[in-house]
Each structure stands twice: as structure tokens, then as C-alpha cells.
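Take a look at the structures below.
Look at the two complexes coming up: chain A is in both, with chain B in one and chain C in the other.
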Partner chain A sequence: MSVKLLLRHPLISSLPIALVVIWAIGIFASGAQSVFLWTDVLVYILVLTICVFALISSSREHLRDPWRQIVQHKLGMLSLVVLLVYVLIGLLDSVHFRLPLVVENATAEQKTVHEGEVLSVLDLLVTPIRIQEEKTYSAPFATHLHTTETIERPDGSRERTYPRLEYGGAHLENPRTDKYSDIAMNSVLGVLVGLIIWSAIVLMVLFILAMQKQANVSAIAKMILSGSSLVPWRLILATVGFMCLLLGLMIILGPKYHILGTDKVGQDVLFQSLKSIRTGLVIGTLSTLIMLPFAVLLGIMAGYFRGWMDDVIQYLYTTLNSIPGILLIAASVLMIQVYMANNPQMFESDAERADARLFFLCVILGITSWTGLCRLLRGEALKIRTVDFVQASQAFGVSNFKIIWRHIQPNVMHIILIAVVLDFSGLVLAEAVLSYIGVGVDPTMHSWGNMINGARLEMARDPIVWWSLLAAFIFMFALVLAANLFSDAVRDAFDPRLRKQ
Partner chain B sequence: MTDVLLEVKNLNTWFDSRAGRANVVDDVSFSIRRGETFALLGESGCGKSMTALSIMQLLPNQAANNMSGEVLLEGQDLLQLPEVAMRTVRGNRIAMIFQEPMTSLNPVLTVGVQIGEVLTKHKGLKGAASKARIIELLEAVGIPDPTQRIDEYPHQLSGGMKQRIMIAIALAGDPDLLIADEPTTALDVTIQAQVLDLLRKLQKETGMAVLMITHDLAVVSEMVDRVGVMYAGQIVEMASRDDFFNEPQHPYSQKLFDAIPSMGKRDEALAIIPGTVPDLAQEFHQCRFADRCQFSWDTCQQQVPRWISGNDSRGVRCHLYDSTIENKSRVAEKVELISTSSSNTGEELLTVSNLKVHFPIHKGLLKRVAGYVYAVDDVSLRVNRGQTLALVGESGCGKTTLGKGIIQLVKPTDGSVLFNGADLTQLSQNELRSRRKDFQIIFQDPYSSMNPRMMVGDIIEEGMIAQGIGDSAEARRVIVDELLQQVGLRPEHRNRYPHEFSGGQRQRICVARALAVNPKIIVCDEPTSALDVSVQAQILNLLKDLQKQYQLAFLFITHNISVVAYLADDVAVMYLGRIVERGSVQEVLENAKHPYTQALLSAVPTIDKESKQEILRLEGDPPSPINPPNGCHFHPRCPKAINECRSEYPKSRTISSTHEVSCHLY
Partner chain C sequence: MLNYILRRVFYAIPILIGVNLITFLLFFVVNTPDDMARMHLGVKHVTPESVEQWKDERGYNKPLAFNAEAAGLEKVTDTIFYQNSVNLFAFEFGRSDAGRDIGYDISQRMWPSLILAIPIFVIGLLSNITFALIVAFFRSSYIDVWGVVLCVVLMSISGMFYIIGGQFLIGKVLHLVPISGFDMANTFKFAVLPVLIGVVSGIGTGTRWYRTIFLEEIEKDYVRTARAKGLPESLVLFKHVLKNGMIPILTGAVVVLPLLFMGSLILESFFGIPGLGSYTIDAIGSQDFAIVRSMVFLGSVLYIVGLILTDISYTIVDPRIRLQ
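Moving on, here comes the complex of A and B:
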């Protein structure tokens, strides 16, 4: 009984979060210097905004009801789990700091000196695969390099051969015979680790649900297992289980092999792919964040006020729309690039410079992509302004600003939400395209676009180097597919024309 | 009975929802003879359309197979037919026309193609033969110039024409039975009269039977042979037309009659049916109408009434007529009297003179003004304190624009609106804003006149905040609670959203919202036309009550003559942006001078045929307000037009001190 009571305590249920926080505090307490990159700050603001929005939604029936529908949508929840995993990785990668420089017998002054490299929490978590760099290309699970090298033998003779990797499979005595059984063994171990993590999560969910519904755990478990719960918990937990298995495999196999191979400079492709997640998410979310004020304000104003204001705004977006987007983006990015090259003193480190470029890319993408939503909102505002309830407010002498805020805005909210979720995947893909043609993010920044760009030339090699491309493809595909499926669920729930009565 | 065409036996149709099984059509049985017109009468949501769709097997997907019973068309059970066989029945033996002619036609196909489709499918006609038949059909439904119309698209036709085309399509298969689902509800009275005449004529010629679905007692009275009254999915009464109109038996039918407003009921409150239709997703162990019935007693709450058939296919589903049950009915309550001791103080509240609202039409690249829509053209009228002026006219005549022009929701082009000594058209935005509490508006559609994302309390409060009424949130809340009670709702409704209310309740909330700022005049823009007749009665009672209490003036915009007769003190008749006749309600309704007013009044279907004056049918549709005809706007449709009418717009002529008419005849 007392154990149960203890478990009901909210602190226990938020134990994992608490652990992460304590660990982060631990890092900083050990003398790390926190670094706030521009995009980090924006990401924090975004998270805060979403929390506030969620709070507001929870108190308004017309907003809460569609979310209730989404929560019961099977495919929607499956994709949400995948999205949340991405978001978690992205957030972990958004807490930056510099570790103190470890110097033997350091003086007080030396203790305040920090390493030049800016690290994130994610970097620390994946430390083995971050620092285990080979010389150059190696295939997934390889024990030898992908290219031949001339090696001098002890007897003085020279031989061209595939040298052993420094880290990948380095623990094996005889890779040719032992490798596959070792991988199999470790995989089983990985699956076990994954299962342990999963059971922990499942137990936690069960207890929280039991607490909420005032029922005992076994009843909840039965309900979930039979798939009769309103929220598709069985499916959610299965997805979580799959993610846990992947995590377990990564934990066990990651330090011993390069699961997804290495790239030209020998960096682990899995590490690159994980780091790219933040870049993709930042582009997808921040660009929308920057686009929204333009689209919402201008769109509603044009539709509501009509007249010259409508003409000006329409003229603006028609003009903007008729310039090829890619041209505009390329020109702006090149300008920024030149500016940053001329003012190197503005940035303390490479990471900051790369981040500033990412930030500007978001701004540029935002500024060039508001027209579609703006047009939609203008049309909707045009329609709503003639509806009787707006006329009734006008008959009361309510001011225009208040009418927009109380009547127009809440009634176009669903369009904004749907557009944001739909745009997200488009922007993630746009980043890949832009980086591929060289006007995207900084070449030193990990991104799927850069990975694809790097893999481009190696496609012609024999034997072919396919893993960079495949890794970027899989990670991007999973994210975009999840985002698209989720946006479908959002649209189903929010679009009044699709809503079932 | 060999002449029975369609026999429906114990038809059930249900929807399965989370709340349980809802029988939208519950044990419905009736039969239609050849050449007969049978009406299913009832208010919205009573299951009459669902009955028709069940017969046609055109139910929405979630109920597609949820049917039991028998639908015998000449002895053949339609419910047993597979979909393929059913397709040859639809359009061929049973045809259907729908309520909304605007959406029933495909906008990208010509009229000829759409009629031809049916001919090819069911009659195997093609090419010249098909075309000849199409022209024949178009002639039959009274479309002028059919050889030309055949190649026109639906958007080139008016609403009345479209409904005629729909009828032509329905007739193309030579059906034995025509199901008409509210065929005239979306049409104006003059057009409605044309369409009803047409249906009668066609029925006489082809001998087809008609199943008419309607909520309008007057249409039933004019059109049908027998009638079945539906309530909550069941037929509660069935009778021949004459029996039904002479002596309706079921309390629900009686109430329907009592709820119709008319001149004779001016001094009394209209009968209302309290409460709402019960939720159908339940098992009934009592009479479905018991909670709303003034006669109900214990038995009604405990026992489902059985069908009691009388002579001549008459029947009723009510314990009152069940000889096996002892009648312990409560006595019917007396009709509540409203003293309408004419509150006419003669004090002028609103004077509109020569008001014009012209909407420019922009064309071309530079958006130059290419012409004007003369929506309101030179209108003058007067409303006294505490009185009701009814503005009558067909749709598109500019009456709504006039209403909005008066309260400055639409900027008038010219003219003046004197209200309380100030000319509203000359005021600045800010001056106008502070005066807006004196004049309010209630809209036609209670569904779109409230923001679905706001709670009722906030909706009512909005105007008070804008006009600075009530010092604190607490004070405002007290007022809101009072208002809600005044319009017959409860204070706790404050925290609900509009979608939780029925149409009538929403309209009450709209009334409360308008009242919140203590207006002196309310423009009521067809506030009851979207409501069922029993709900309409509630709103009319409420308005009448409030008028007496607060000395409110109403500008009541409507096309419903019976509402005018019940409510109005003065009437102004509008045609194509101008007022053609105005006077007191007695003068205009009983002694109409203008041919248009006369035609309008005679087009209104009535229940008692005896009081009908000479029938004056209008041909064609109202012309467009973009370029109104020269001279008198009405002359192209006027049966009494003289030469003068074609050249000059008639001046207003005085018949009596209050009665004016714009016609060359006087």
C-alpha cells in the first residue's frame, strides 16, 4: 500500500525528467559554461509558446474537443510518438555548453578556461560514437576500411590492403570468423536492454493511468491489452516499444561498431544523422514561427479591412510569389554569407557562426513562405467579415481590433494550425534541397541536406558508398512521413468540413 | 384496393450512434393511390425526409442497411431489390425533387444534357428524339423559349426556373410517383405559387401520384388529398385533407394550427409547444409527445399509445381517442391574452427619407465602375415609438439592405436617416459608435449570428462592454442573467456554447443580446423564417411581450404575410429597391391597391379556401436590380399595366392619411 502511495506521488512519475535535469545541473556544476545559441533561444520560446497554447486550449471547449479527437486517432498517435522521439532528440541537442578545459594542476585562472568546442547534451549522451572517428569511409558494421592503403609489414615488405578500423569491431581477434556471432550476441543484449527500458516506460504509463482513473493497475493493463481504451494506448506503447528496441541496439552496438558506417572523414554516420535532427526540426518549426505573424496579420487585415489595405497586401504577395522562391533564397543566403565572412569578429566560435547562418536561413524561408497561408486567411477573413455575428458586433460599435481578436482570429485558428503542420514537412525537405545546391545551412553543420550533398559524388564509386545517402533518407523519411500523417489527423479533427458530427 | 401504387408497411430506419440506436423512422405505414397527393407533414427533424430517402434507398452511408419493413411499389418490395434493380426504379418509376434547386443541378452541365441523361438511361432516347422530348418537357414545365434554354447552364437561370428544370428531370422518366421534398421552401411566395400550380397541372395531365414532404400547413391545404402528420419518427395522425383541416385530432396537430399567426390572433399570445422533440436514441415507454402535451395525464407517461384507426383511412396515435383507456385529461389552458391597447404615441422615432444604397460594380483591369446595383432606391419611411413597421417583399428586393442601411451597417449612398433628431448618415464614426446602443438588429439565421467559439454570456456581454453598460464584470453578469431569464432561458446557460442550443433558443439569445444595450428600435431581419412554426410562435410571443414592456419599435423585415398580419402595425411593401405601397396593416392586407401587393397576397397559400380573393398569378421572375425596367419597375409582370407605366415611374399617391401607393392606376 505504501509503495503504491509513493508511486502516486507526482515526483515519482516525473522521475526520469528529474534525473535528466539533475544530470544537466551536474554538468554545469562541474564548471561547464552554458552557451545560448540564437536558435536555442528561439526553440525555448517555441516550447514555451506551445505550453501556453496547450494551457489555453485545455480551458476552451472548442479547442479541446478536436485535440480529444486527435488523441483517439490511431495513425495520428503513432506518428505523434515518432515525432516526439525526434523532438526529444532535438531538444537534447538544443542545450549547449562548453566543458572546462582539463588541465593538470590548474591554477585558478586556468580553471575558468573552457574548451573551444560547443557541445550539447546530446553530444555527451552519444559520446562514444561522437569521438570514435575512423580515417575515412567504412561500410555499416565493417571491421575494415572501405579503401585500400599501403601497409608496411614487420618484415619490411609493403602490401596494399584494407586496414582494420580503429574502433569499429576493434575488440574482435579474428573479425572474419567472429564478427557475425558477435553482432548477433550484442543484438540480443541490445534487445534485452531495449525491453528493460520499455517495461519501465510501460509500468510508468500504467501507474499514471491508474492514478488518473482511480482504478487498479491490472484492470488498466487488461483494458490496454484488449485495445478497448479510448486513447489507443496499445498502439502507442507498441510504437514506444519499437523505439526502445532501436535505442537498446544503439546503446549496445553503437560503441562497438559503426552501425551506419562512416563518412569521408571517418565520422560516424549515425551520429551525423542524429545531429541532423535538430537542424531539420529547427528549420521546420522556426521558419513557420517567423512566417506566422506575416501571414496571420497581413492575411486577416487584407480580408477584414478590404480597400487600399487589401490592394497593397495582395500586391505584395503577388509580387513575392512571382519571383522564383529558390532564387530569392539563394540571393539572400549568399548575401548573408558574404556579410558573415566580412565580419568574423561577430562570432565567438564556428558553432555560433553556423548557428547564425541557420537562423538566417529560417528567417529567409519564413519571409518567402508566408504568401500561401496569407492568401488562405485573406479569403477566410473575407468570408467571416460578412457573417452575421461580425455584423452584430459592428452594430454594437465594437472596435475593429476587438472584432478581429474575438471573432476573426478564433475562427481561422484551425486553418493556421493545419497550415503550420502541413508546412513543417515541406520546410524540412526544403532544407535538404537548399543544402544540396549549396545555399542551405553551413557546410560544417550536420544536416541531411549536407549528408546527401556529401554522398552525391560517392555514388559513382565502385564499390558504391551508399550508406550516407540511405541514412539521411531513412531519418528524413521517417520524420516527414510522421509529420504528414500527423497533419492528416490534425486536419481531420480541426477542419469543420471534414468533422464528423 | 387495386389502385394502391405505393404501400409502406412498418418501415423502420435507424442510426447507430454512441448514445444508442436512434429510430429516425419508426414503424411508419401509409399508402398512396394512383394519382393521389399524399403529404407527410411535420417540423424539422421529425423523420419525414428520412422516410422519403428510405423509400428511394438513398440513405446516408451509416444507415444504408438499417432498414426493416416493407415498401411495396405495385406489390413489389423495394427493400428486397438489389442496388442494380433499384437503379431502374429510381428516376423511372419513382422520381424525386429536392428542396434546394441551387445545389440539385450540376453547374457545369447544360440543362439539356442533364435532362437528356435521364432520357438515355430510362427511355433509351438519343440524338434528335431525345432533344425533341427535352423541349417537350421544358414546355410542359412552363419554361419560355425552350429551344434556347436547352443549351443554358444552371447559373443562367433563376431559382424558380431551376426548380422547374428539376421537375422536368423528374418527369423525364414518366414516373408513377413523384416525391417532392419541400419543393417550394427555398422559393419566394410568387414563385412558390407558380411551382405549386405547375405541379397540380402536371399531376392532372400525367396522373402520377405525389408524395409531398412539407412543414407548411398552407401548402398542404392547397395541394394534397390526404395527409400524415409525423412527430419524432412516427406518424401520429393520418386523415383526408378535409377531415384534417376541419378537425385535427392529435394534440400536436392542433397545436400546429394554433401556432400559425394571423390577423385574428393579434390580441392573443400564439399557442406554443413547450419543450423540445425528445432524443430518439432511447427506448420509448411513453407517448413521445407526452412531455409537451397540454392534455397529457398519467397514462401518457406510462404507456405507448397505439394506432387507433377511424373510418375512411383516418387514424391517430393518441390515448385521448382510445376507448379502452379512461380519459383523465387535464383541461386545456386558456389562451393568454395580450392587451395590445395601441401603444401608438404618435411620437416619431425614426424617419428615413429618400434613402439610396447603390453598390458599384467594378469591371475591367482598372476596376472602373461599370454600373450600379440599385439595391435601395429612394426609400422613405417612418417608424413610431413602440410600433412595428413590417417591410414585405420577395428575396432580392433590397429589404435587408434597407434594414442594414438604416442602422449604418451598410453606408447609404444618399438620403437621410433621422433618429432621435440626429441624421445618422452624417455622423462621424465615433459619434455613431456611441449611439449604436439605440438601434439593434436581429438576423435571420440564428446559426451564423453567434460566434461559435464564444460562450453565450460573453456574446451577450460584448455589446454592453462596447457601449459601457454596467460598471463592473459583476454588474454585467447580473444583467446578463436577468436577460437570459427574460427571454426564457436559465442563467446557467451563460457558460454554454451556441451549438448546444436549438434554433429557437439561439434566436432568443440573439434577442437577449440586442436587448442588452437597451435599444429603442430593433431591426428584425426575418428572425423567424429559419424556424419551425411552433418555434416561430415562441419568438413572436417574446417579441410582442418585449415591445409592450419596453416600448420598443420594430422594423420587421419579412416575406411571411401571416407574421405581418399578426405582428405589424404598419406595412411597407417593397419591390426592386422601392416601396410600392405602405399603410396600416388593415389597409394594406385587406384593401391592397398596388397590383404587386395584390399578387403577393393572393400567392400566399392559405388554409381556409373560402376567404381567398381573386387569384392573381404573376408570371416570370423579378428583374435584376442592376438595370431595372424603365418606367414602373413592376410593369413587365403587371397584369394591369397601362401605357403610362412603361415610360414613367409613378409618383406616390395618397389613398388615406396613412395609406400611400405608387401606381398609375390611382
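Moving on, here comes the complex of A and C:
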């Protein structure tokens, strides 16, 4: 593969490279033991699949052209930037390892002993907000707990008061007067950090563009500023800038305050929200990845071969389809729960058990959701098999497998792609509902559904505990909205009926 | 017509047998009744006797599909498969794992579900069509563009946040209606908020979907003819396009009609309404497999009824389609 081809897809091709580099640095620098959870492996497979698909489509005009259209779509690119930020966080959270146990004067044997807790790269990056746990609820930017406690004074008298937080605003001597000026000062600092990161990214983009187009940097900068570039770089960079600002604020304010408050057991809500990203993404993507082979294979086979095969496959998906989805999912998850409760020896640690449950949930969601795509593909294959070029190939004695691969598959590719992208947001939303019902991810796993579930009971409290709900809402809403807007752009670009208009 | 319906009902039988087999496999083969007993009793109380007793109380102590010890026809009938799965065809749901009569519970709990589901369905359908028509009337103007964006925004909010937000705003801040609860004697007071939330949470998806249907109709030849003969745009839209657009909308709506019985899972659970939706959730929560099994079967029967109704409704609203 040439360097030129790599440069053409800087975003896509740099993702796996970055992943490998981060993984290697993490493992070798700390002497940690790497852990491959089931869903991690699937995430790597997914990233690989996307890269292969990107390479294939870059050499085929009928696939490259729609992408060119998407790249010029303003709303589509804006949401793609947001999605990529989520994906980056999710990938950082998909590299797991165990840190070596810190023992003073360790012997050679002790050095190979590792901690029981499985961590990810993201965990390490956000260490301050991960380990700074309070006693219980505290509001965003609070310096005192949300609930009163009886405190014994030195002179023996007792008083009910709101105790100071252990970490949130702990550096302030007099929080009542200093807090707001301190937050303002730190915010300015955070904005500055964000701006520095942003300008680094902008410079990088400018240089790559200049190299690609063999123009000088200032000409490229002028073109972007005026908004006359074909790809809406001005909008993309503005979105990146906004993300950088958030990042900068998080870097500076995160270790000093609980930006989004703490939950019942005192854990930082921002940390929970960040950790939930991986859960949401895994459910949204892996369920589709798992069901895709079945749906594509069975759908095309039913439509192409017809006859008894068609009858069997149609019967199969009508039957599965007639069971209300949520009930089938609930029943399957209940059964998996029973199985896991009776076979506890299969899983080494809690993280592995929770991950296995996430994996099974993806499989179940995949099994219940392949029917729609299968039916679409069957109908399309039925149509294509009567077209002249397929009939001609059959007359020439081309094998069925070759006809499917060379003629049917390229003609249904757009349907598959649109279905995959459209399914994503629905699956992310479904996770929250399933976790609420109690058949979603493991209760110990961070997910937006579990956050909502935990916070829902606090609605009755007075004053109300709202920050967990708000955090879950914002993080979920941004992801689903971006996914919906992006899927619209993909559909507009790939659907031949919409393209004509 | 009658012939056709009979044939469709006949076709439904193998599908229901399939559903029955799937539930049987899921509930009794993937995990044996012994596993379920151990799960229910908890790790501490498991003794062979207590497992046997648990199975005996619920009739799970029979062989799975073939009873070699019984005589004659009972070789097949005196089994878990026959007793707990085949009986579902006669709508004999048996007893729940907690010992209650499931058939009686369903007949009691379907009314609160219907009290919510029918108004949500009717009001939702009407308001979605209205909004879709407005957006279609102003197509390719700013109202259309921003209307669609608003729909996407509304679609992207999880249904649970509509409920939580509605409960907080109307129930807690404004004190207009009780936050949750249900009372058959005072239905309106308790049902108005869930119905409102049910309608609002469906507006985004519904409006966008119906808008595409209307826009597809607007492209067609008869609309051009209507405009060419000088009809005003409003008349074209509300008379010609609406009538023809109603065909896919109505037939799409008929499918879900029977499923209204099942109620809405999260809406009923959040508002503490004793309908079939919260019945299912409670059963999932307490791991009552008998109830979940019954609801799976009931749901698929209702879905198949919906499919048959859809086919019939096509012939009623669209005279071009004839059933044979």
C-alpha cells in the first residue's frame, strides 16, 4: 500500500495505528499484563473491517463517489467529528491490562504479580476523576456534600451540617468566597489549554492539506477561512475547536472539582459518563457486526436460489419477527443470566463477567434484529437475479457463488451500509431501556441506562439530585443526534432513489 | 375474502408452532428446570430436596418432551413440553411461578393498558399526520428544513427522558397531576400525563416518516394533473395527497393495533400503572419464567393477528388490490 493512499485517508488509517502505538507504549512502559476481553477482540475486528472496507471503496468508483458527497455534506461532517470523538474515547477504553502490583523491595517473582483490577488506557488518562471518590451525592462544582451529617466539634457539642468534600474544591481555604473566582480563573486556563491543543490540530490539518494539494499553507488557510473549500473544513475545524475547549476545561477543572457532581456512592459522574461511551458504542456496533453475516448470507441466498431455501429462510425470519423484540431479548437475557449464575467458574474476574454479559447482549440484539435487513436483501436479490447481466452469466455457466460475489453483492452493498448506520442510534437508545428493565448490561458496568436507573429513584429527593440524569442525557443525546444526522447524510449519498433527485 | 382469511389463519399455525418451539428451547432446554430452581432458591438453600419440591410445585418435574414411564398417549402429554407449551395454543397460561393464575391476571391488567394505549395511538396518529402535512405543505422552505431537524432532535431523545422530564415538570414543579399511580375510578387524572408523554415522544419519528410518505405522493402524476387543472395547492394537498397517503399510513398503523393490548413497558412501569406492560417488567424483575413465556406467546399471536388485519385493510382502503 502506497504512502499516498494512506495520506488520502488520514483519519481512517491513523486510528488503528494510534491504537497499536498506545497499546504498545502502555504495555512496555509499565510492565503491565495485557488483557483481551471478548468485546475488545470484536472491537479490533470491527476496526479492521472498517479499514478494509475503506481501502476497497477507495479503489471503486461507485463506492468512492457517495463518500465524496458525504465529505462535502456540512451537517454530515459536523456529526462525523462528534462521532469520531466518541469513537476515540471508546477505543481508548477498549485497550485493557492489569498493572503490576506495587511491592516495595520486590523479588523477581513478585514483580510478575499483577493487580486484580482490569484497567483501560482511558482509566489511566482520567486517573484523577477515577480515584477521587466522595462519600455520597454532591452537586456539580460543589465543595460540600449534598446531605447533612452529624459532626462532633472539638468542644464536644454536636451539629448537623454539610461536611466539606474530600476532593471537590479541597484546595480552597474559604470556599464560600473563593469558589467562583477560582472556577473562573481555572476556566480561563482551561480555555487556553483547549486553544493550544486546537491550534496544534489546525496546523497539522493545514500541513497535510498543503502536502496533498501541493499548495502553500497560507493559501490553504485562506481558502478554509473563506469557507470556499469543497470539504467544509471551516465547520469541521470549528467543531474540533469546540471539542478541544471541552477537553481543556476537563483537563484543568476535572482534578479540582466534580464537574458533573458525584453519585450515590460518591463516584464522579463525568467519569461514569465517559466510561459509558464504550458500552453504548459496543452495543450499537457489535450487535450489527454479529448479525451482518447471517442477514447478508441468508437474505441473498433466499432471494437468489428461491425454492425450498427461500421457504425455510422466510419461515425462519417470520417466526423470529413475530415475537415482540423486547420480550425475546428479555427472555434470552434471563436465560443467559441463569446460565451465568450457575456457571460462575467460567469467569476469572468481575470485569470479565460483565464483559461476557455485554457480549451476550450484543449477540441477542443481533439475533433479534437481523430479520429486517434479511427481508430487504431478499427482495433486492429477487429483483437483481432477473436482470440481463445475471441471466447472461448463468447462461455462460458461471458458478452461483461467483455470480453472487461479482454481481449481487456489489448491487446490494448500499442497502447493507444504510441499514448498519440506521440501526446504530436505535441500538444505543435500546441499551438504556433494556438496562432500566433489568435485562441490559451488568449492573456493575458503566452505562447510561444504569446511570438513569440509579438516578431515577432520587427524583423524589428534595432538593432534587438532577446531575446524573443530565449527564446521561447530554452524552446520549449528543451521540444519538450525531448518529442520526450522519446516517441521514449516508442514506442521501448511497440510496440511488434519493441520489437522482 | 373469507377463503383468504381462513388460509392466512392456516398459514399462521406453523409460525406459532415455531414461536412455541423457540420459547420451549429457550426456557427449558438452554437451562433445565434444575438450573431455574437453583437460581430461584439462591445458592444457600439449594438441597436436592428443595429443588425437587420447587419443581414439583410448578409441575416442572416431568420429562422434557417424552415420558417413557407413562402409558399410552400420556407418553407425550405428561411432559413439560405438552403441559407448559402446547397448552398455550388454547390460551391456557397456567399458573405463574409465584402461584397466581396468569390468565386471570392478564384479563384484569389489560384494561389499564388499553386506557393508555388507545388514546396514545389515536391522538398520536392524528397529530403526526397533521404535523407531517404542515411540513409537506411548506416543503423545501425553511419551515420544512427546520421541521425535519426538529424531528431528528426529538427522535434522538431517549423515551425515558420524556417520561422523567414530564414527571418532573408537570407532576413535581407545576403539581397539575399526580406523579404516578393509578385508580380505575379516577382514570383521567392519572392517565392524562402518560398519554401526553406517549404522544410527544412519538412525534419526531412519526412526523418524519409520514412526511416522506406525503412527499413521495406529491411527486406522482395525479398531483401534477390536479395542479394543471388549476386546483389550489391546499386542496391538492388536503384532498388528493392526504387521501392517497393515508393508504400506507393506515395499513402501517393496523399492524400495531392488536399489540396495543400488551401496553407500553417503560411508560407503565414509570407511572406505576397496573397494566400488562408493568406486569411483564415485574415478571422479568422477579424472574418469573412462566409469565414471560406466556407474554412472549401472547405477543406473537397478536402480531400475527395484526399482519392478517393489515392484509384485509389493504383491500378495504385500496380497491386496486384484490385478495385471491
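Criterion: the second predicted complex is superposed on the first by the 472 of 501 C-alpha atoms of A that agree within 3 Å, B and C clash if a C-alpha of one lies under 4 Å from a C-alpha of the other, contacts with A are read in each partner's own complex, and residues count from 1 in each chain.
The rule is simple: a residue touches a chain if its C-beta (ideal position, glycine included) is under 8 Å from a C-beta of that chain, and two chains touch if they have at least 3 such contacts.
Small disclaimer: the values here were computed from a predicted structure and weren't measured.
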Practice task
For A:F305, decide between first (touching chain B), second (touching chain C), both and neither.
Solution key: neither
Problem - Partner chain in contact with A:W38 - chain B first, chain C second, else both or neither - result: neither
Exercise for the section: Check whether A:F141 is in contact with chain B, with chain C, with both or with neither, and answer first, second, both or neither. Expected result: neither
Practice task
Mind working out whether A:S399 is in touch with chain B, chain C, both or neither, as first, second, both or neither?
Solution key: first
Problem - If touched residues of chain A are counted for chain B and for chain C, the larger one - result: C
Practice task
State the interface residues of chain B toward chain A in the complex, per the touch definition above.
Solution key: 404, 407, 409, 432-434, 436-437, 439-441, 443-445, 448-454, 459, 462-463, 466-467, 497, 510, 513, 517
Completion exercise
chain A residues touching chain C in their complex are 315, 318-324, 326-328, 330-332, 334-335, 337-339, 341-342, 425, 429, 432-433, 436-439, 452, 456, 459, 464, 469, 473, 476-477, 480-481, 484-485, 488
Exercise for the section: Could you please specify the touching residues of chain C with respect to chain A in the complex? Expected result: 14-15, 18-19, 22-23, 26-27, 30-31, 35-36, 38-39, 152-153, 155-161, 164, 167-168, 172, 259, 262, 265-266, 269-270, 280-281, 284-285, 287, 289, 292-293, 295-296, 299-300, 303-304, 307
Exercise for the section: Would you pull the chain A residues touching chain B in the complex into a rising list? Expected result: 60-62, 387-389, 391-399, 402, 406-407, 410-411
